[in-house]
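Provided herewith is a single structure, encoded as structure tokens, for subsequent inquiry.
In this document, chain identifiers A, B, C and D correspond to the written order of the chains, with residue numbering beginning at 1 in each.
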Amino acid sequence: MTTALIIGAGSGLSASLARKLHQRGHRIILASRDTSDLSGLASETNAVLVDCNARDRDDMARLFDTVDAHGPLDVAIYNPSARLRGSVETLDPETVENAILVSAYGAFLMAHHAAKRMLDQGSGAMLFTGASAGVKGFANSSTFAMGKFALRGLCQSLARELHPKNIHIGHFVIDGGIAKDPADNPEYRMLDPDAIALSYVHFLDQHPSSWAWEIELRPQAEKF
Amino acid sequence: MTTALIIGAGSGLSASLARKLHQRGHRIILASRDTSDLSGLASETNAVLVDCNARDRDDMARLFDTVDAHGPLDVAIYNPSARLRGSVETLDPETVENAILVSAYGAFLMAHHAAKRMLDQGSGAMLFTGASAGVKGFANSSTFAMGKFALRGLCQSLARELHPKNIHIGHFVIDGGIAKDPADNPEYRMLDPDAIALSYVHFLDQHPSSWAWEIELRPQAEKF
Amino acid sequence: MTTALIIGAGSGLSASLARKLHQRGHRIILASRDTSDLSGLASETNAVLVDCNARDRDDMARLFDTVDAHGPLDVAIYNPSARLRGSVETLDPETVENAILVSAYGAFLMAHHAAKRMLDQGSGAMLFTGASAGVKGFANSSTFAMGKFALRGLCQSLARELHPKNIHIGHFVIDGGIAKDPADNPEYRMLDPDAIALSYVHFLDQHPSSWAWEIELRPQAEKF
Amino acid sequence: MTTALIIGAGSGLSASLARKLHQRGHRIILASRDTSDLSGLASETNAVLVDCNARDRDDMARLFDTVDAHGPLDVAIYNPSARLRGSVETLDPETVENAILVSAYGAFLMAHHAAKRMLDQGSGAMLFTGASAGVKGFANSSTFAMGKFALRGLCQSLARELHPKNIHIGHFVIDGGIAKDPADNPEYRMLDPDAIALSYVHFLDQHPSSWAWEIELRPQAEKF
């Protein structure tokens, strides 16, 4: 049984992904800064829970010790991000530093540890949740722009580096809000987490002769 | 039974698409400048064959008359393109004009006629085969760059225009050669047409809350 | 005395460029579909006037015969474009074809003829007026998107092809309206043609060790 | 007399910029982690030297105290970056964190402090030195990709935020090596620092009706 790791497991998207990957037969590991609300999802998907601050080097090293205890790592997914709004002169510099590290540096840490394992076994996939802020820098959003552009740069670099080594990189540009309750999403104004997850899984199903490294997803009515 | 139209039906990718869409229950219409080699595919997929020069206004109007005779148009796919290599001062201007019209203007003609029908019925999907030349203008490839950039501009414009009206646009950036014989594709150096077609079909399966308009596909070993 | 050719000479930007290039000591050739309004500018800049439909192969061949009669071609500028608005199903296909050819194919014709001359002499510059429509495909603007994306693809391809041969390509993404009367441009809501021309001239002044091929220009208040 | 601040002052590009801005009448402030080699440039350009680690919040706060002692800040330039090569699984995580902070977070700190001052006075310009790594993520260069993509995201966000407030943002994509000795640069294989500086100064000369926020510069022979 191969393992699927989901970091930033507290979101609705992570829950959809956990369910789909569980159905596909993966052993699920859910990592989050605070796993106290995740016991329901964990029992539903038979998942292991790990407390972990994604930007913390020691936490991430420990997380991958846990991963190693559960068999080969087939899929690693990075979801955390820190959004911060405000004009550049008013932002608190310390909060900005933390936000960049959560959005991008934590993703590097995952890639660093996951690549070691996947290169050894000769296969694997890493999927990263980006945002429209990673392809367009909006006013009063300099921090989120830095974090999400950095994440995209990381993924593009990793695709060039790891695709030839049979490790598949996916960067998902989520453009729009994600519905908290998919049943309450009139006119599909928000992205349905299950619908997003369908595209993540498509990347896992792509054949090595025809890999993508990026896709932009948005509601059909979204302006862009 | 809904109809799936494939223009530029003579390629291996078109054959893969025809088979997949036939399996999904669509009535297939295959259009090509020369359909004389397509009788095998046509009988395999129970398809209608139409001779048609995609850049010719009259031909395309006639093609859609045939489409109308076979029920609602659910999927329209545009594959033709004209590549021309050579430094800009050596190219034959008349050949260049024709190449641009085949690569981009024919796609507009399909979109023009298909949109009329899909807007009336309130749904549909149009898929366009692009190339890396549509996102990167290579030396000695000015003609192909013009044609494929124009195609991409058309698709991006149509996505903004038609997605809110429930018509799904897909632009596929094919980066690499397509294998003529998928059984002879060592190390997946070329794109397998069936593997490409899987991503076309994924677009048809996306939920309106999470639509993409573009994806880049390449062999895992391809430099980019 | 070297020659500077300006195609699409009827615009305010072309007038600014003609004056600046005249001041820099170039012999000016102004080409336009209709030169009847250009006699004032021609006498001010001591320019030759040529009637020419930029998308017409014969007209463009004749234009370069005139160019040859006036000495080495140092600078060639392409300004014509055809904008067309409307949803894709309502556009007139014949008008669309003409618009694409004016926006992009005419630029190819200029590049084709100018490259022959500039390659022989071992130097030169070609500058092309693009638009935000060339980097973003807007709804109800599929025709302009095709034309301006194609123009950008042409320029990027030419930059890769001709920069190493000492021919400088410039693609100017004009994002916003151009002021008809610069004295009536409150809060700089529109681009001042003289201000645009300053950046065109900057490209001519760049050193071969540090060439750009593209720049986006917009009013400081413009949303983008 | 207005002030021009150059952070990362130890490079050849910074020396060229210091000379040009000094000639234009600015009071020059040169900041660097190590200013011990900068006394020659400082006396040539009558500059103030400040020791400063650009990613350090306290250092940067102190730097701007010094700036305030020398009059209104008209131009602020950010040059530091940390390149790190190696495959993702081999990189040292602590070194990676530092590199991201130097390439991008220090630029944020400059923007944060400079914006306060420039917004108060109603004008100013901030120029940032990017790299091709900020638009293309290369293999074995994940760290530099993260830093330079983040820098570009910051600049694009700041352009949208601050251009309407009369503060001009410039992001310079330097694609190629910078010549240490411009006299030894056969066939212009590297960028000449004086030639680069010419484009920085062009941004300062642009009119508010026609501002750019980005330009890519490379040797005419550079592949891209």
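As a convention for this text, contacts are C-beta pairs under 8 Å (C-beta built on N, C-alpha and C of every residue); 3 or more make two chains touch, one makes a residue touch a chain.
Keep in mind it's a predicted model, so treat the numbers as computed, not measured.
K.L.:
Once you find the CA centre of chain A and the CA centre of chain C, what distance in Å lies between them?
P.N.:
45
K.L.:
How many angstrom lie between the CA centroids of chain A and chain B, rounded to a whole number?
P.N.:
Computed from C-alpha means, the inter-chain centre distance equals 32 Å.
K.L.:
So which bits of chain C are touching at least two other chains?
P.N.:
Within chain C, the residues that touch at least two other chains are 160.
K.L.:
Please classify the inter-chain touch graph. Allowed labels: line, ring, star, complete, other.
P.N.:
Topology of touching chains reads as a ring, each chain with two neighbours.
K.L.:
Every touching chain pair, please?
P.N.:
Between chains, contact exists in these pairs: A-B, A-D, B-C, C-D.
K.L.:
Along chain D, where are the residues that touch chain A in the complex?
P.N.:
The contact residues of chain D facing chain A are 57, 87-89, 91, 93-94, 96-97, 100-101, 104-105, 108-109, 111-112, 115-116, 119, 133-134, 136-143, 145-162.
K.L.:
Considering only the defined contacts, which chain D positions touch chain C in the complex?
P.N.:
Chain D reaches chain C through residues 160, 163-164, 166, 168, 179, 185, 188, 190-192, 194-196, 198-199, 202, 205-224.
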